[in-house]
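Pasting the structures here.
There are two complexes below, and they share chain A, which is joined by chain B in the first and by chain C in the second.
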Partner chain A sequence: MSQASGEVAVVGVTKRFGETTAVKDLSLTIPHGSYCCLLGPSGCGKTTILRMIAGHEKPTSGDIRIGGQSVLGLPQVQRGTAMMFQSYALFPHRSVLDNVAFALKMRGASTADRHAKARELLTKVQLEKFADRLPTQLSGGQQQRVALARALITNPRVLLLDEPLSALDEYLRLRMRGELRRVQKELGITFVHVTHTQLEAIAVADTVVVMAHGHIEQAASARDIFVTPRNAYVARFVGGQNVLTGSVESVMNGVAAVAGKNGARYAIPVGGRHPRRGSPLWGSIRRDRIVIEKMAPGAKPTVGLNAVVGEVHTLENQGSYVKVTLDLADSEEFVAHVLDETFFAGSLDIGERVVARWSASDVKLLEDGPIAEEAAPAGAAMATAG
Partner chain B sequence: MAIVNPAADAFAASGRAEPEVVEYPGERASWLQVAPLVLVLLLFFGLPMLVVLAVSFFDFSRTEIIPAFILDNYIDLFRSEVTLRLYASSLKFALIVWVVTLVLGFNIAYFLVFHVRGLLFQIGLFLLCTVPFLTSNIIRMISWIPFLGRNGIFNQALQGAGITSQPLEFLLFSDFAVIVAYVHLFTLFMVVPIFNSMARIDKSLLEAARDAGAGRFRVVAEVVWPLSRTGIALGSIFVVTLVMGDSFVVRTMSGGQSASVVSALQNEVAALQYPPAAASAVIMVIIVTLMVAAILRIVDVRRELAG
Partner chain C sequence: MHGDDTRPWTFYAFAAFFTLFVLFLYGPMIVIYILSFQGPNGGMTFPLNGVSLHWFDALISQTRVGDIAGSFVRSIGLAAIVAVVTVVLSVLAGLAFRRRFRGSAFAFYLAIASLIMPGLFVGLGIALTFRLLGLPTEWYTTALGAQLTWTLPFGLLIMFAVLGRFNRSYEEAATDLGATNWQKVREVTLPILLPGIIGVALFGFTLSYDEIARTALAAGAKNTLPLEIWAMTTNVTSPTLYAVGAVTTIVSFIVIVVALGSIALVQRRRAAAGMRTE
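Let's turn to the complex of A and B:
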């Protein structure tokens, strides 16, 4: 089983619970041996997908394939999957050793065999000393490692992790996520990890799948999700970006000049496209690519391209940088991450008026809504007809 | 067990690894808290038991009870073959009823907890189980008579359907009838504590077991059953003590053919033979206490309730 491919394919899967649709015609392929994070707010369907891969839920329609073969209707054992539950689901009436050995007991292994194998795994997670304890006698982090050992004892080709770190405190969470990543690399099997924490997903995953309302908003490498979000939802949810909106004023050399709500004007690169004048356009700018300048009291807001004026709303020291949140009067919150050295060299305070500037080359186009094109014949005809 | 602070006890029972410092309100406060219950128990349970114990050593004649210290009442009790037969009969009923109510109770609770979706539906069905309790025990039991009787509904139905040609005689006024009535009366006492235990089982434990390759029955045997032990033990205590302490059901449903320890005791009381009745009661209390102790020996209810 362990040699078999752990490629997981979700093919056009829809899952309804009565009236509500949890997952809507979703397709996703997770390559063998990769670490994939399903990221989204609660209720977005990410756990439902995991449970369908595990066989704890049946899709209403569509197919689930592991290693190229449909696993619909197959019992959990034949799928070659193992699941780590959010609450760890350790059997409270069994010792740590028996918990880890449980799957082998179900497969009819002798007591000596299964205990030997279980001890081996407990050694791997550095818990061999606790073999005879009950799960409740362990700390949260130790319980989590027991759960990991128990899931791995059957040599699964796919490990499914349902919010595995959410019950841990911050310190352990950071340590365990590194541990998970290390174990995944070492075993070379597929990990599918559900989380609602953006940084956790970006920290561990090869591929991050951002979900909302039962569908995928973007599936890409952790770096791409962070640097080039596909749309405003991903940009806002993953964080690290400010979303710029406005209507197109002119397009020149693949860059659109956009007028925002509060009189600010931005340049958004549009590549080869030609959005129509007056049509709405979305872009994103990274929070750490923004320069904050204090305005002299009473100075007129002489704001050029790629800048906004606002009042400092909150300041949060994050250690290596300071998170400066600006109040732009009528648009959404605008955040700049200012390097600690830069910030503490100045004297910015809450309530001060500032200009936030950035370079046009750091702005990325977001795909929100159809971009109404001008010169492109087919698109334009369709748009005007509509 | 020595004086135990409840907080400290719950803490010890849960067996956490990292001990925390707990501020105790002081022993005196704990004593004050349990004082009302202790008083009630001493006055209405301890004292009468002492009286019964004392009377069990008294002598008696046809007309009076003579304070004394003799062991004759106990010697007679142990010499009498009737005693043995009555205990054998009561224990037999207790065992059969325990097995039947356990099987029923476990399955009903399992169904309610793991198969019924939706809390509202679950509570609704649970309340449905208690509907028979809206009438008194006696009425519920007596209503079996027209059902199981020689010309009762059940016999008529069997004959009408052509399954039997003659009415079945064993249905009423028999051990069978006694067991039916017991099961009917006491199953709920098994369902409630088991339901309570099962409802506290984390559903993901079942999924984890299934993930590990356990089939339906293995899941029950390896996870649900062991984690329902507290409820099973409590339900068993209820059922066993209720059956052992019964006289009315046995007498009514067996048509006077069977008797229980308690019904013999009642006869003695009716004949004003208090000392032998008291001796019989003392032995009964000891035996039932031993049975409960045996159950608690197997399942540490206190520990599991705390954990």
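Let's turn to the complex of A and C:
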């Protein structure tokens, strides 16, 4: 079963629609046989990239290569791509079997041959019993599996999935994303999956590409995207993090002491860098690494290092943890995920004043804006804006 | 005032209006159908002087009442031609208008404008032009053209509505699965649009079948059915006129049943694909 390489390379691609630029000089390489999620809010250009790989849009400039060969201008069949559409686009006037066999019919395969192959694929997605139904007679999850079988019948080297789970209810969404991952591993082909749901991307992908306004904010493993976001945008969009901002007071042993707006002070590790005093600095702290302590009524807000004072704004029980949102009066929302056992052992309520504390070692440096360095060797270690 | 009955007064106002509407539309029609069964010695008004099919018989046998049979055949033929031409051109134009091209808005308004032109003068103008060119005016030339100025913009508007609900990803999926442009249209686009296309045909047919304004001055020597009936209202003073009304209503009814039936059949066939795949 030797298969042509499904490495997808987007090389310096720009796509304009009239006056608007959907994708700006974007480069990305997706290794053969990997599962890549393009993640971002609507309008960030993720679907445009997918459609350019599929050949439904042409890049304004730049190149798209699959297996090292440029595929610009090639029809889908020669690209070796197959696409699963957002609403599946199953042909409503054809049976499930004929939907799956469609690509083979277009190639002139005999009825017997294409139906045999289609049945084989339907068996793979456990829908052989529904071969003679019409798509509308199937549930959303079953339709999705038919769409998958239909896309796979041409043995593509790259499968492109446009919001494949958005039409499903929560329960099915969680089940089907596991299923997609399993199918990808089994086939060993490249999957490129577009989504705006952070947890979906993190759950299925080898590589998550976070996008905004037509460019890449960060492309990294799912774990890195979640644990070490590159900048405040990624930290905020992926969620799971609070963004700390402030100006540098001092730097010692690779840790900067930073003064926040509300009198809070935090330590942000800066590695080998030496940010200048007074320059702005950004860091992130995971929501589940925060300890909430109630303040005694009338107590003075004595704020130590790595802590903020705020009022409980909302409480949301998420089952295994409780999402506690604090109102810090001046800055953006600050969220702590408190383990259910810890939370229900206490008696925290909305409107109460609390101190949120964390350990300096859990804080990660974010690269937002150039970090103004002190006495740095010319040009060295300059982080560029995203 | 109180209790479960909380319908606003507007409900009763509209209910009253709707009752009037129904009476106004169907009442006179029913009177005509009843009077068409007038006895041989009865007149054009109530009371019924016996019940008979005498006037239906007179319709076919008497040449004195005019060329009902001939005009009926012409009207059906013309309506069929109009329906076919309307379907072919509206579907093609509808598909073409999905893409913005240079002057597409201008072309669209130019086509739609014919809906607001006074029909009588459209017919007159076409007839005059033909005469100027020395061409004969016939129901299958001038009248056909005059009716198409009426049915084509309608057909186009219906196609816009039909295509507005058509998900383009069906076509992209077909392309993605290796269909050529022609395969895409034949295997995916047209079958999915078929119920809407039947609707266009139905519209084209019925608009043509009872068209008077544009046809009146463009039909040439031989009348279509509506023109024949129009002529009869002025010189026929027997219940034959009512018999004509009853027969033409039945024909319109059959056309609608056939159209809706074929839409239902398309849907049934699709459901039956459940039993037997091609």
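The rule is simple: the second predicted complex is superposed on the first by the 375 of 386 C-alpha atoms of A that agree within 3 Å, B and C clash if a C-alpha of one lies under 4 Å from a C-alpha of the other, contacts with A are read in each partner's own complex, and residues count from 1 in each chain.
Assume a contact is a pair of C-beta atoms (placed from the backbone, for glycine too) under 8 Å apart; a residue touches a chain by one contact, two chains touch by 3 or more.
Everything numeric here is computed off the predicted structure, so don't read it as measured data.
K.L.:
Chain B versus chain C on the shared chain A, clash or fit?
P.N.:
Taken together on chain A, chain C would clash with chain B, as the superposition shows.
K.L.:
Counting only touches as set out at the top, which of chain B and chain C does A:195 meet: first, second, both, neither?
P.N.:
Once the two structures are laid over each other on A, A:195 reaches no partner at all.
K.L.:
Given the touch rule stated above, what does A:92 touch, chain B (first), chain C (second), both, or neither?
P.N.:
Both partners.
K.L.:
Applying the document's definition of touch, where does A:83 land relative to chain B and chain C: first, second, both, or neither?
P.N.:
The answer is both, since A:83 touches chain B and chain C.
K.L.:
So, A:138: does it touch chain B (first), chain C (second), both, or neither?
P.N.:
Only chain B is touched by A:138; chain C is not.
K.L.:
Considering only the touch criterion stated at the top, classify A:103 as touching first (chain B), second (chain C), both, or neither.
P.N.:
both
K.L.:
If you stack the two complexes on chain A, which partner ends up touching A:245: first (chain B), second (chain C), both, or neither?
P.N.:
Neither partner.
K.L.:
Tell me the contact category for A:218 with respect to chain B and chain C: first, second, both or neither.
P.N.:
Touch partners of A:218: none, neither chain B nor chain C.
K.L.:
Enumerate the residues of chain A that count as touching chain B in its complex and touching chain C in the other.
P.N.:
Touching chain B and chain C on chain A: residues 54, 56, 75-77, 81-83, 85-87, 89, 91-93, 102-103, 105-107, 133-134, 137, 150, 154.
K.L.:
Touching residues of chain B toward chain A in the complex: what are they?
P.N.:
These residues of chain B touch chain A: 14-18, 202, 204-205, 207-214, 218, 222-223, 226-227, 307.
K.L.:
Give every residue of chain A touching chain C within the complex, in rising order.
P.N.:
Touch residues, chain A against chain C: 54, 56, 75-77, 81-83, 85-87, 89, 91-95, 97-98, 102-103, 105-107, 111, 115, 131-134, 137, 150-151, 154.
K.L.:
If we count contacts the way the header does, which residues on chain A are in touch with chain B in the complex?
P.N.:
Within the complex, chain A touches chain B at residues 54, 56, 75-77, 81-83, 85-87, 89-93, 102-103, 105-107, 133-134, 136-139, 150, 154.
K.L.:
Within their complex, state which residues of chain C touch chain A.
P.N.:
Going through chain C, the ones touching chain A are 167, 169-170, 172-180, 183, 187-188, 191-192, 194, 270-271, 273-278.
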